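Just so it is clear, A, B, C, D and E label the chains in written order, and each chain counts residues from 1 on its own.
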Amino acid sequence: MATLNIKQIRKRYGKSTQEILKGIDISIDNGEFLILVGPSGCGKSTLMNMIAGLEEVSGGQILIDNQDVTHVAPKDRDIAMVFQSYALYPNMTVRQNIQFGLEIRKMPAAEIEAEVERVANLLQIDHLLDRKPSQLSGGQQQRVAMGRALSRRPKIYLFDEPLSNLDAKLRVEMRTEVKKLHQRLGTTIVYVTHDQIEAMTLADRIAVMKDGELLQLGTPKQVYETPANMFVAGFIGSPSMNFIDCLIKKDENGLFTELANSQQQITRLPAPDYMIDYLGKSVVLGLRPEQITTPQPHKQTDKQVTRGQFEVLVTEPTGPDVIVEVQANDQEISCRIDPEHPLEIGQPIELMFDCNKAVYFDKSTEQRICPQNSTLPAPTKASAA
Amino acid sequence: MATLNIKQIRKRYGKSTQEILKGIDISIDNGEFLILVGPSGCGKSTLMNMIAGLEEVSGGQILIDNQDVTHVAPKDRDIAMVFQSYALYPNMTVRQNIQFGLEIRKMPAAEIEAEVERVANLLQIDHLLDRKPSQLSGGQQQRVAMGRALSRRPKIYLFDEPLSNLDAKLRVEMRTEVKKLHQRLGTTIVYVTHDQIEAMTLADRIAVMKDGELLQLGTPKQVYETPANMFVAGFIGSPSMNFIDCLIKKDENGLFTELANSQQQITRLPAPDYMIDYLGKSVVLGLRPEQITTPQPHKQTDKQVTRGQFEVLVTEPTGPDVIVEVQANDQEISCRIDPEHPLEIGQPIELMFDCNKAVYFDKSTEQRICPQNSTLPAPTKASAA
Amino acid sequence: MSTSHVLSEPVIRPQSKRFSLDGLQKWLPKLVLAPTMLITIVCIYGYMAWTTLISFSNSSFLPSYKLVGFKQYIKLLDNDRWLVSSTNLLIFGLLFIAICLVLGIFLAILLDQQIQQEGAIRTIFLYPMAISFIVTGTAWKWILNPGLGLEKMLNDWGWSSFQFDWLVDPQMSIYTLVIAAVWQSSGFVMALFLAGLRGIDPAIVKAAQIDGASKPTIYRRIVLPCLRPVFFSAIIVLSHIAIKSFDLVTALTSGGPGYSSDLPALFMYSHAFTRGQMGLGAASAMMMLAGVLAILVPYLYSELRGQRHD
Amino acid sequence: ADKGEVEVLHWWTSGGEAKSAAVLKEMLEKQGYGWKDFAVAGGGGESAMTVLKTRAVSGNPPAAAQIKGHDIQEWADLGFLTTLDGTASAEKWEQVLPKVVSSVMKYDDKYVAVPVNVHRVNWLWANPAVFEKAGAKIPTTWDEFIVAADKIKAAGLIPLAHGGQAWQDATVFEAIALETMGAELYMKAFKMHDPDALGSVKMVETFEKFRTLKQYIDKDSPGRDWNIATNMVIEGKAGMQIMGDWAKGEFAAAGKKPGVDYICAPAPGTAGMFTFNIDSFAFFNLKDANDAAAQQALAKTILSPKFQEVFNLNKGSIPVRLDQDMSAFDQCALDSMATFKAANTSGKLVPSWSHGLATTSQIQGAIYDVVTNYFNDDKVSATETVDKLVRAVKSAM
Amino acid sequence: MKKPLQPGRWLIYGILILFALIYLMPLIVMLLTSFKTSADIRSGNLMSLPTEWVFDGWIKAWGSACTGVNCDGIKGYFWNSMQMVIPAVLISTMMGAFNGYVLAKWRFRGSDLFFSLMLFGCFIPFQVILLPMAQSLGYVGLANTTAGLVTVHVIYGVAFTTMFFRNYYVSIPDELVKAAKLDGAGFFTIFFRILLPISKPIFMVCVIWQFTAIWNDFLFGVVYSAGDTQPMTVALNNLVNTSTGVKEYNVDMAAAILAALPTLLVYFFAGKYFVRGLTAGVVKG
């Protein structure tokens, strides 16, 4: 358990002039679970490595428990990490891989044994304990990497995509285990994942990075519902949020925007009052696919809900739902449809738009347009890029 | 483009007596997209390796285009593969990694260049072409591995978890690219993934493996809706299908089962007529979380739909939905709830059960109980284990 | 899980101790390297400086420190035998290194094909290293001698036109050194490469197979390039052997016929020690080093730079 | 032994030599001194010299080392050697040693070394059976040598057994030089390094004669060890060899009798002349007084008649003591002794430069290079070579 | 299911055996000679079989050949050599391993420069360092002791061992070291527990190189050893390299083979550490 303060961390590899991390500021509370997300190559692993002390810091400071550890050796930071690339010790069996860190820290042999058993059980690799890493499948290797970290009780855990090679079922189980571990020990955790569900369900806060910059840091709900900008909005949530170019108009009922289908029939979407500043201007409307569904009678009464007919372009059944792309304002828009619903490509479908959670973005800055007196906290950092 | 026939393939590593693959039979049509899924360590990569000719076959035959290639060298099989562990050439730049296979096949230099550009663009790694693999992030490496395969035009593509380390957004894009590629070239593809959406949206057919055995081979819809057994049912779909122990009862309206909440209030779920054989017996009812939702008025009229009150145990917001666990028949049952819905742990919630797609399993064999004259094809292989 | 566990408590070390431990850890790598550094500075560069000094002196029988400027170097450049021996080194070195590398790699690759009896064959390839040239030189002298060895044997067996008299031909004698040196050292190069090959990740080879590469292509394009550090080791070792070839020459030709197969190491030794011309010997050693410097430094530079980028 | 110990650096390592050394050790030990053996074989003591230099430099030289000819002066000059004058006067070395020998052993008129033996280098070894077969007779002059060689060659045998190593080339060359130039000019050229003598017509002639020898040598000779060459004579493959008297050991080992199975004759045209090669021990300054005493005892023992006899019988050489009882020696040795004594008075006793008795190792090496290169490179002419010789010697001085 | 033996495999075996024979030729000559009598050697062809197989050469070489005043063969020198070789090989190999480890995995400013300097340094001809080294050894009191000899071998061997290890370690993924650092392992623990166990092949190469070089070294051995601690090679040289006196080739050859036996044993036993693919499957990508 420890607080972690990352102050203006910068990183440059070798002699290259390109900055991989461009001044990241994050401070993590004691026992907090932080999830790092961002596109591939944005610098997540680099940041993790720097927290662990495995990469030289080109600028800035790292504080653990308010002690500057920027130049402290990794082994003295008391951190456990799961590497994205596993990095198992090839000469050791699975058991030895897991107990190595414990031996180093002079845990009594009996306890080590018990701990290895426990971790192996938890990760379902107990039958593999005497194998060498090269004799394991990818997912098994990943679990060993996980086991190596979980057997320890460090101040901070760093997990770099620890479950990416596991099957969905196992991943859910492991996710639960991580959550339990966190609840039980209250250890501070930094966790990189590309799995939306993992991010949403595990995190106390989510940090969204892009190109070495921190775009937003907030609770899962904040990040999901009030993304700081279009990038965050599009990045979080799968399928992605729909971005619809549209004009803010006004009539007696208030502000609205319009969606045109392929026959140029117009559907009006109500817009919130704070958009008044943008009246007559073009903005980007953000609507998530799950907010565009088949009409659900119980929502009909809601003022923020409207309906319209749109042409089906593509259908993609995912099991629980079908993702349907329709044409609106000459753009493709995804919506989430009940698999029961009859669908035919080229045919129109009646859709219901739930604008309760619609968000709007400034077209030039790509920042979200916030209600003036919003109760939502502003995003930590607004990138002007 | 080629057909691929796998006949009774068996595999044993080294001198160990344990069979990793226990006689797998799959035949894949020309241009078919087969997705292999299964728990970590079930033998997927091994099977891929054997198709590619990289592992000795311990028993059985592999036919490509009806030619026995069991002992043909990998290079003569005309297969491209993305390795789970990437296996990039460390001494070559990204560009060289991608063009290596093309050079080997004596493609003219100009074409190679064009092809590399195209693939790099597609995978968004064009700015990395002159880097060495060790200078790339995990996801970038994975994309290079992908690029190496995609630049070629083989008879068969093998993809072993090719997108596992990509962020959700990129993964969706890549998935689309793979789909387009498949549609354009019609190449036969075998693809391993743990991503449910990938499996459901890409596959012509899905093969579900477990412990070296093939449990079911069918279209995504078949596998999702009519799983051969409890294992497949639980494995496909995330969150997993709920398995509820219950008794088949009968009254004037037909067959039904009962769900008891924590107050022992009973909700009746209608059961299909073919369950008559199990009248008075205990069976396992399979209901997917998305079939247990908050009441949706438009479905109220459906005979297969019922409602009941259940106590909330856990809530897990995933963004678009909230997964809620409730207690029923002393089990925990997940259901998918609209995030708008007010939820409080320990409080009851009104749920709607859509039994249109409910499935039933025999309690001892764990096999699904099929309608006698079902139009659905029977699963290719029923494991008795 | 017991929370009273030792590890679950954040270990807070006293600031001062932690600092000193840190300091030690930070210095450890340098500390470990320090003895070698000291050795290198004193026993190599110190002595090298000493040799430089001697090369500018008129040392004859034993070192003296009366400086005479470049006199020894001028003498050296005027010396026919030195010219012969330095050209010989060039021929010998290039051929020896090239053949050893090719043969070593070739044999290592063959041995890497899951050969039964690998151990025995490997030992056979290696054994020449084990046997001192003091004696093997005699055997080689016999084998290469036209009147005793191979030529006679094959002539006796009926292949009367076979002629192999390099050993006694002043034009060719240097090549016999190449033969014997390759025989002696190629096994080690083989071992070096074999060790390297054994470290290659099989997955990479598999990937190349899938890319359609044939075995030779895989080795040429993938495996050998991955063995760059091994090449580096091998080239350094081989050039070291070439430059210091002394036993070999003494045993096989003693530099003969005449001094046609003389090499700098022999030249240096015989002048410095046998002939009481220590200054000249030192000068020749410095010239050798200068030659090495000219060739080696660019190579080292490119090699070390290249690796940093991997 | 608390009486002191001597460490002796030598290169007597094989067979008979080693046994002789063992005798010396035994004799010394009988007197109560210790013997610490330090044998380093190889290349006429090249390795031993290297070892000696490093030992001296590191500050602990051996008590005695086998040092030859001119090198003794060098070592003494550097102040490493101790004086043996005490023992010398006690043992009356002045009387028993010939002047030529003792002068080599003295530095600054003080004994610093002890001679062990005298080798005659200018011997011709011949196989009478070959001569008989070829119808030739043992040559005494250069011209006779050519005649005999031609005959042997005609008989399909190798006239001259030779090993193509620099020192063997030099040994043969030296014999021809002595024949051609005579003792006086030889001394001028090879001992005094008079450029006129070195560049004389006679020198050119020597080189030319030297080259004519090549046709009598088989083409496989380069690199051959001298004893292999000797064996060619023993086995009758070759008729003659020009080599020092150590070759006798090979004949003896093959069970051959002098005068019957082989003939020892002076090298052609050098009858009555004697090219000497002396093995000797030089004595180093020691710190320990006991060891120094042992050192003196060693010097005394080496020159004792008993050791001289044992050793020289083994080695094929002759004792250095003029008063030595020669009854145990064979004919060749007796001949050698006689010639030695005669030549000593006639001024035909010359130091062998090829074995380091006449000159410094620098000059010796320089001449080696010229000679051996000439012998192996048919393109260079004798006059050119003589020029080169003059230059090489000058630059080595 | 075993694949049938293809013609390619036959070719491979053929080539290997051919080369093995070529490599073996000098050994065969030596062996044949060692079993011949002196007379046989003088008369016979070098490839011809001995007319009579005798073991005199071997017996003499082992137990009674003279190498100076001691006529006890080379057997007594085995121990001397062992005393020198074992510490020298161990120390230089361990130092090399450590240095290589630092130079590959704990680089610091100037470490590459130092490495280059070291490599360049090993091209200095050993002959030129004989005298200054002797002086230094004399100075520190190690002149003509086994310890001194060991020191010299270590000093001039360490550049190579360092190079071997460094060049091996650069290709081992840094992630391994990183993981161990996080597991709390310090400098030495990482080395001994993680890197050393996967260094077997290069360790063996190093041992082969050092053992051979030191065991067969003559120059340092003869110059820096004391009289009765002389290594094997000096004895062998004394046996073989007599410039005057009779040569007994059978004894020489037997002695040479005997002297090489320990090295051959090292090769043979080193061999089994040439195991395959230790780092495989460690790091993804």
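Observations, loosely collected:
The definition used in the following text is that contacts are C-beta pairs under 8 Å (C-beta built on N, C-alpha and C of every residue); 3 or more make two chains touch, one makes a residue touch a chain.
For clarity, every value in this text was computed on a predicted model and none was experimentally measured.
Note on connectivity: the fewest steps through touching chains from chain D to chain E is 1.
The chains touching chain B as well as chain E are A, C.
With every chain reduced to the mean of its CA atoms, the largest distance from chain A is reached by D. Distance between Cα centroids is largest for the pairing of chain B with D. Judged by contacting C-beta pairs, the busier of the interfaces C-D and C-E is C-E. As a whole-number value, the distance joining the C-alpha centres of chain C and chain E reads 13 Å.
Averaged C-alpha coordinates put the centre of chain A at 22 Å from the centre of chain B.
If you average the Cα atoms of chain B and of chain C, the two centres end up 57 Å apart.
In this assembly, the C-alpha centroid of chain B lies 94 Å from the C-alpha centroid of chain D. Multi-chain contact residues of chain C (touching two or more other chains): 25, 62-63, 148, 201, 203, 226, 269, 273, 308-310. In chain B, the positions touching at least two other chains are 84-85, 88, 135-136, 138, 142.
Shared interface positions of chain D, defined as residues touching 2 or more other chains, are 43, 50, 53, 57.
Of all residues in chain A, only 49, 52-54, 73-75, 78-81, 83-92, 100-101, 104-105, 133-136, 138, 141, 148, 152 touch chain E in the complex they form. Interface residues of chain D, counted against chain C in their complex, comprise 43, 46, 49-50, 53, 56-57, 71, 74-75, 78, 164-166, 218-224, 360-362, 364-366, 369, 372-377, 388, 395-396. Across the complex, chain D meets chain E through its residues 7, 10-19, 21-22, 24-25, 35-45, 47, 50-51, 53-55, 57-60, 225, 227, 231, 234-235, 246, 249-250, 253-254, 315.
Against chain A, the residues of chain B that register as touching in their complex are 13, 37-41, 44-46, 84-85, 135-140, 142-143, 160-161, 164-172, 194-197, 200-201, 220-221, 224, 234-240, 288-290, 295-298, 316-321, 323, 336, 340, 356.
By the touch rule above, chain E contacts chain C in their complex via residues 9, 12-13, 15-16, 19-20, 22-27, 29-30, 33, 45-47, 95, 98-99, 101-103, 106, 108, 111-112, 114-133, 136, 155-156, 158-160, 162-164, 167-168, 170-172, 186-188, 201-202, 204-205, 208-209, 212, 215-216, 218-219, 233, 236-237, 240-241, 249, 252-253, 255-257, 259-260, 263-264, 267-268, 271-272, 274-281.
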